[in-house]
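Okay, so chain A shows up in both of these, paired with chain B first and chain C after.
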Partner chain A sequence: MSHTEAIRARARQLLEEKQVSCVIGYEVGPRGRTRPTFIYAPDQIDRLVWNSACTHNLTRYLPGRLKVGKPGEPPPRVAVVVKPCDSRAIHVLLAESQFGREQVHVIGVACEGIMDARSDGGQAELQARCRRCRERMPVLADDVIGEAPSLPAELDPDEDLARLEAMTAAERTEFWLAQFDRCIRCYACRQACPMCNCPICLFERDDSLWVGIGIRLNEKRAFHLGRAYHLAGRCIGCDECERVCPMHIPIGLLNRHLAAEVNRAFGFQAGVAPVLGPLVTVLRDGEVHP
Partner chain B sequence: MSIEPGPEAFEPRLLGFLCTWCSYTGADLAGTARLMVPSNLRAVRVPCSGRVPPELILKAFDNGADGVLVLGCHIGECHYDNGNHRAAKRVPTLQSLLAFAGLEPERLRLDWVSASEGERFARIVSEFTEAVRRLGPCHWRWAAMQPEESHLESAGGRR
Partner chain C sequence: MNVITRAGLQAWLQDLADSRRLLAPQVVEDVVLFRPVDDIRTSAALDPNAPRPAMSIKEAFFPPTERLMLIEPQADPDTPGRRRVRLTETLPEAEQVIFGVRPCDARGMAVLDAAFLEAAPPDPYYARRREGTTLIGLACKEMGPSCFCRSVGGGPDDSRHVDVFLSETEEGYVVQVITERGRALLDGVPLSESDAERPSSALSDPIAVPDPLAWPAYFEDPFWGQMSERCLSCRICAYVCPTCRCFDVRDEPVESQAGSDRFERLRCWDSCSSAGYRRIAGGHNPRSSEGQRLRNRFFCKFYYYPLQYGPSACTGCGRCIDACPVNVDITEVLGHLVTG
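Let's look at the complex of A and B:
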């Protein structure tokens, strides 16, 4: 049975037994592109697919969909199709009490990596994040679809990160200002991020005293550094922010740097277990401070 | 006569976030004890070092600070129990991020000064001022200025 058939069979059962109100999965749109979809009725099940272009992180929809209603109403419950990287996001969201574990049915899929269609029409190739990825089975799932795939013998090193860390301070300033200069503050990076779920974003408040909402370069830099900082110890590395950026700003680099830093300083990797990130908890024995 | 001051005349502009329960009182003690403290530090009194979010520090650098000093109570002595625990985690993380974005990490410093440590306060501020003076003017703000903006700034007197 293919992954697509397995996902459909499981979704059909969940919807027919009314265990969930909705299944969040992937479908192929009219122009042949794979996109997120929401299935509410069993007769719609055949829209669900699984293929190597299922790049979206569907956990982005969970906090909004799972808001608890009035007292007395049963809490909403949905099913979601996740890749191993996405499943880490559910751990972070659970640790931050965005919803209850019983509210979500996780259909985890063993992942062989996601392909990027080449803009020049050439052969699709594995996404850079997948070439670096070691986790090919979901860390959290109610159903697991597929067997653990074999990993490539050698994973790609993070060359971009290493190249940037080897630069001098002045070169890095120049590099990042050239990148941030292109930013149009469309907030696509924020909208695509499963962890960016503040009801009112600090960077979009016009009464905010400390962060500008304009498009001057220093305000754009403050936005990007602030956004990355707010994800320190929370970013699970799905790289959706970088994928959706219309200006191709490598913001994933900031996230990867901070993830490495949090791992170095606190020995913590976000989403491996449902525990809060170290930046919002108190110092424990052995944690360093000046 | 040159308008731009030479490197030997460079006086860093430092911003200090001082916890009102300890470091601010410690600074007061340094004053009443007539200790020499460099006048480069502009002190901002905050309720706790845990009240200093990264946005404030970024704002300080964006507004042209050459260095930012965050001073709080020693670990275990926080008036709010664990506010300084948060500072102890946030500031080094932010420091690492700012360094990755091109700011010299020495320009941001977190340290602990209790209310009775006037001497320690004077020593930390002197050390920090000297460290930033050696680094020279901070380019963080000016590098992100559009050409027309920096022209206006220099016409209005940079320092």
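Let's look at the complex of A and C:
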């Protein structure tokens, strides 16, 4: 049975047995592009697919759907199709009490990596993040689709991160400001991110309390660095922020840099287990608020 | 037809870059953007295979952020101890030439003109930039996979809305003077007479576009809610669009001056796709759902704008189709209205 057939069979059962109200998965649109889809009834099941372009991290849709509940009614429950990287986002969201474990049925897919969408018609290749990744199975799932594929003999080293870490602070500042300069403040990175779920983003307050509305370098620096700090110890590295950026800003690199610092300082990787990140959220071992 | 050789074009553009502000497509990292050019050889201006710039030329007229006025307290000469507020209008200086303007972006300027210039009161900031800018258009040799300019009143070789229009041939570029401003820009530039016909662009089949009057019947269509389920409510579609022109205005302290009491009135891009765009005093939001917001974007392009100004506000450039992270597709919306 193909992954697509297996996902459809599971989705059909979940909907027919009314275990969930909706299955969040992938479909192929009229232009042939794979995209998120929302399935509510068995007769829509055939839209669901699994292919090497299932890049979107669908857990992004969970807090918005699961936090709303009506008094007196059972909390909403949905199913979601996840890759191993996406599954770690659910751990973080659970640890941060965004919804209850019983509210989500996780259909995890064994992952061989996702291909880069090429608009120029060239030969598709594995996304850079997948060439560095050794995860093949979801860290949490109610169903697992597929067997664990074999790992490639060698993973790509993170050369961009090595280059960044070799820079002086001044060089890094220069590098990042040149990148942020292209930003148009479209907020696609934030909107695609499962961890960016604040009801009101501090960078978009009506009163300009922390940062103004300008789409200028100062505001863009505040936005990107501020967002990166908020993701330190929380970002699970799905790289959706970087994929969606219309200006090709290497936002994932910024997040990997902070994740590496968190790992060095705390021996912690986000999403491996459903526990809160050690940075800014937890004080322990005699740590006190300054 | 008048023809300019490749070397002649390069020399002309370098002259323009040396004598004034010249914007042309440049590769910045791996994104093609209109940027000021110093050395034409380092730009992507003359690369016939350069992809469509990621952003339209809109930002050269309606920048992402601009100061509308400076707000400064001053001592009141008549009443010691009291202060007055001085407001200084800050109109832009803008003598510039833009090279490599695609027909879809040029038509976008006509759409913006109708809203910013032709409807009273005209916008002085936009008007200054528009008056100071000369557009050198470039025909697209073929239509890209997401292009549908032909379906919304344009075409890959549509020479309207620019000052000079170039079409690439084997000998160089066929030059068409469209306006007096274009003629002046070409003054002294060596052109040769040629029998060459203007080359024709490869055309894709047009798609069906519904009549503006067909839209109101679809206002309550559940389609909007379904389409918007995957919408991220980001602003990519509006910001890459050559005709989206919504903005927010706010008074903020002049940056980088701690303790300063100078303020500026800023105008910045905004988008109807963001959740806060339509929120009003008291917190009510008449477009609180993603579906309502997405619907507004398409109604604005194909119904509200035509109702107020004339032709549709979409130029078929296809940027929103390619840049949308979740494949919300404007042609799919049009198809839905055509097939019902």
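Simple rule for what comes next: the second predicted complex is superposed on the first by the 277 of 290 C-alpha atoms of A that agree within 3 Å, B and C clash if a C-alpha of one lies under 4 Å from a C-alpha of the other, contacts with A are read in each partner's own complex, and residues count from 1 in each chain.
Just so it is clear, a contact is a pair of C-beta atoms (placed from the backbone, for glycine too) under 8 Å apart; a residue touches a chain by one contact, two chains touch by 3 or more.
Worth saying up front: this structure is predicted, and the values here are computed from it rather than measured.
Of the two partner chains, neither chain B nor chain C is touched by A:263. Within the superposed three-chain model, A:216 lies in touch with chain B and with chain C [touch as defined at top]. Of the two partner chains placed by the overlay, neither chain B nor chain C lies in contact with A:2. Within the superposed three-chain model, A:206 lies in touch with chain C and out of touch with chain B [touch as defined at top]. Once the two complexes are overlaid on the shared chain, A:184 sits against chain C while remaining clear of chain B. In the superposed model, A:51 lies in contact with neither chain B nor chain C.
In the superposed model, A:31 makes contact with chain C only, not with chain B.
Chain A residues in contact with chain B (one complex) as well as with chain C (other complex) are 216, 218. Chain A makes touch with chain B in their complex at residues 164-165, 169-177, 202, 210-211, 216-219, 221-222, 225-226, 228-229, 232-233, 254, 257-258, 261-262, 265-266, 278-280, 282-283, 287, 289-290. The touching residues of chain C, when paired with chain A in their complex, are 28-31, 33, 51, 54-55, 64-65, 145-146, 226, 229-230, 232-236, 239-240, 248, 250, 252, 255-256, 266, 268-269, 271, 274, 276, 321-323, 325-327, 329, 331-332, 335.
Taken in their complex, chain A has these residues touching chain C: 29-31, 33-38, 56, 60-61, 119-120, 179, 182, 184-188, 190-192, 204, 206, 208, 212-216, 218, 240, 243-244, 246-248.
Only residues 53-56, 58-59, 62, 75, 82, 85-86, 88-90, 92-94, 96-104, 109-112, 139-141, 143-146, 149 of chain B touch chain A when the two sit together in their complex.
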